[in-house]
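Here it is, the structure, as structure tokens.
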Amino acid sequence: MSHAPKAFSHLDATGGASMVDVGAKPDSHRTAVAEGRLTCSLKTIAQLRARALPKGDVLTVAQIAGIQAAKATSALIPLCHPLALTSVDVGFTVEADGIVVRATVRATGKTGVEMEALTAVSVAALTLYDMCKAVDQAMSIGGIRVVEKRKA
Amino acid sequence: MSHAPKAFSHLDATGGASMVDVGAKPDSHRTAVAEGRLTCSLKTIAQLRARALPKGDVLTVAQIAGIQAAKATSALIPLCHPLALTSVDVGFTVEADGIVVRATVRATGKTGVEMEALTAVSVAALTLYDMCKAVDQAMSIGGIRVVEKRKA
Amino acid sequence: MSHAPKAFSHLDATGGASMVDVGAKPDSHRTAVAEGRLTCSLKTIAQLRARALPKGDVLTVAQIAGIQAAKATSALIPLCHPLALTSVDVGFTVEADGIVVRATVRATGKTGVEMEALTAVSVAALTLYDMCKAVDQAMSIGGIRVVEKRKA
Amino acid sequence: MSHAPKAFSHLDATGGASMVDVGAKPDSHRTAVAEGRLTCSLKTIAQLRARALPKGDVLTVAQIAGIQAAKATSALIPLCHPLALTSVDVGFTVEADGIVVRATVRATGKTGVEMEALTAVSVAALTLYDMCKAVDQAMSIGGIRVVEKRKA
Amino acid sequence: MSHAPKAFSHLDATGGASMVDVGAKPDSHRTAVAEGRLTCSLKTIAQLRARALPKGDVLTVAQIAGIQAAKATSALIPLCHPLALTSVDVGFTVEADGIVVRATVRATGKTGVEMEALTAVSVAALTLYDMCKAVDQAMSIGGIRVVEKRKA
Amino acid sequence: MSHAPKAFSHLDATGGASMVDVGAKPDSHRTAVAEGRLTCSLKTIAQLRARALPKGDVLTVAQIAGIQAAKATSALIPLCHPLALTSVDVGFTVEADGIVVRATVRATGKTGVEMEALTAVSVAALTLYDMCKAVDQAMSIGGIRVVEKRKA
């Protein structure tokens, strides 16, 4: 028994890249949730709690960066379709040695919004990195993945 | 004996966020190298090798996305300074169950270029994710970190 | 009798910022008109009339800047939803000591377009400022407000 | 017998420029195909074939640039309406002394997509130019035109 | 005695618009400070103080929007030169019936940075407007002007 | 006697694309002039002369679009280096059956500015096309080439 492998969606018949045709797909309500994590030192989190969290500033800056990045996804990821997002939410859980970033994105459209959620998480985490790099040179970002995807 | 903790560089005196003043810093040649990894299934890599790598397309698309993202860093990361990059290079190592992304960025300026290298890696990895997501729904991106930073 | 104050729309349950969910709202035809004014010297207006208005150039440049800004609103204002504008019109009334800027924006969508109209007015006025600043160092921009808002 | 000339669509009543109101137009499926050509030396094409075409890189880079430009059309062309493109395809025919670029763009909306197709062709051709200019200083780009336009 | 009026800097010999040549100007350290004000109801400020200011969120969002806008000035104002800003600071004074926005921008370059400071103020004020518009429909933005300009 | 062909500048050792390292190059004053032509019907030019040219609007809109595009070149052309342009000038010659577009771009930097001049010409011509397409469906754009390039 043979079955053809599912095609890589962005490769056209001659192997070139294209933004695939979704014109015939119906519009539906799409939701995607993605997560990632900035891992840093215990000391960085302690400093963050002591100095920045009471004001919320560091997290708010990263939140805004993530929201803006979600809206810019089709300009950043070459074969992503432009989508009019109806909702973007970026939240954080501060842990002992890191910060978990979670983004929820919604749109009504012809394609899913997981790239938008992953992009929001990535850019929010990069922004946290940028704001902490003066005090911590050994951080890393990981665990970026889709944790939920719905179509209704 | 006490010593004040090194300040979070982007928090000003009243706790607000600002793009810190680097006007008095001398220009120097800056290099930063960052890495990250898309982890996917063995089958995805096999399909990638069988169908896409001979053309180089998937990797080239991700390469271009990473290069473009490096140039857009100060628009994506709110407190990053704009910098005229003199070189951006994005390369890949295809492994059995994943793809390592490595970006090298250079500029002559008053601030380092690690955020540009990290942003190039992140967006290149997101682009790989986007191009493989039709065949693999369990990928993740991780290990995003600076592996080298020089000033000369 | 008590009644809860209307919520600040962009603050979520935990006080963070988010791009609020408008996915359940119906699409409707939206119109917003905004105005603002560049106040400058009598002499600047006289020079503008004598030299530039016959060609319409200064006003056309500002008009284009305002139209382009309206389309970029969701990239500029962090919590604005992206909207496919169906019409943008920017006009001017040249007065003795200033220029009134008026923008009319229309879209079919789930949110109003007053931010787009206000952004068009602001950037058109800034562009006028930029073009006149070589001859007038005492200008100011004010009176930026929504003068009409309709939903049909 | 007299008949008024068809109006220039982007000039309003007072002669100023505006993004004309398309709010009352129905949505329809739009397709536009545009073409253009980079003319270069026989030697450049020979080098391209010998060194780059096996990898597809030069063409893929231009392809991605064209796709990204199509999505950015309303930011580049001042009076173009923003449109959620559903498909963009950019292809090439390598000839003896030049490369033909062809772009096909689709969207569901109130305006045609010929500007998006023309923009994709132009920027893809400029990207080819950029990648070949180290070996050929006498190239030119021409023949940029719409070859097909459909509404359904 | 006659003296020619100072030329409008952005009009070239034939009356067209251009981005004037500053190539022969020396680089110098430039600073500009601009201010503006969002006028709103006493009740809005009271709500802002009661609910949002403790977290700093509304002001931080506007701060980030202003900083990002300063960096985007040459993309927004057609005849502005691109400049590598070395510092952007956006601050607020909350008054009984309004919020004063103040931006300080620095760069080393051939042109002044007042347009960058004015743009930061304008977009920060628009962002405040956006975040308060659900509770206050009678706000306005005014008093946008340069309050200091230095070259060293 | 053999001599290696001059390398395609944007292909790195392994055949991938990169933004080549120009960090070691000295800064010099660069000028590039490019031209292109929109070919249209005699009737379109007649209408343009009769209705639009007296106001200069159509040409001014295209001029602004070309200037803005020059500044956005490194975001449009993937392997172009970002450059702080010191001057951009876009002019037009209206002929019987077409409009010649000419752009002059200057910068002080490590790379030439011909891509910026070619991009300005292309986008200005596309903008003319956009503004005339309601009255002329048989236009084309061609002759896009560098006519002068200097380094001092």
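Observations, loosely collected:
Letters A, B, C, D, E and F name the chains as they come in the text, with residue numbers starting at 1 for each one.
In this text, a contact is a pair of C-beta atoms (placed from the backbone, for glycine too) under 8 Å apart; a residue touches a chain by one contact, two chains touch by 3 or more.
Only a predicted model underlies this, so the values are computations on that prediction, with no experimental measurement involved.
Of all residue numbers used where chain C meets chain F, over half belong to both copies. The two sides are thus made of the same residues.
Ranking all chains by how far their C-alpha centres lie from the centre of chain D, first place goes to E. The most distant chain from chain F is A, comparing centres defined as mean Cα coordinates. Interface comparison, A-B versus C-D: the higher count of C-beta contacts falls to A-B.
Superposing chain A on chain E by their CA atoms means rotating through 180 degrees, a value rounded to the nearest 5.
Look at where the CA atoms of chain C average out and do the same for chain E: the two points lie 15 Å apart. Chain E and chain F have centres, each the mean of its CA atoms, that are 30 Å apart. Within chain F, residues 15-17, 55-57, 60-61, 64-65, 68, 72, 78-79, 84 each touch two or more of the remaining chains. Applying the touch definition to all chain combinations yields A-B, A-C, A-D, A-E, B-D, B-E, B-F, C-D, C-E, C-F, D-F, E-F. Of all the residues in chain C, the ones that touch chain E in their complex are 5-11, 15-17, 36, 47-48, 51-52, 55, 57-58, 61, 64-65, 68-69, 72, 76-80, 114-115, 118-119, 122-123, 125-127, 129-135, 137, 139-146. Those residues of chain D whose C-beta lies close enough to touch chain B in the complex are 55-57, 60-61, 64-65, 68.
Against chain E, the residues of chain F that register as touching in their complex are 29, 56, 59-60, 63-64, 67-68, 70-72, 84-91, 106-108. Residue ranges of chain A in contact with chain D, taken from their complex: 12, 14-23, 74-75, 78-79, 81-84, 109-110.
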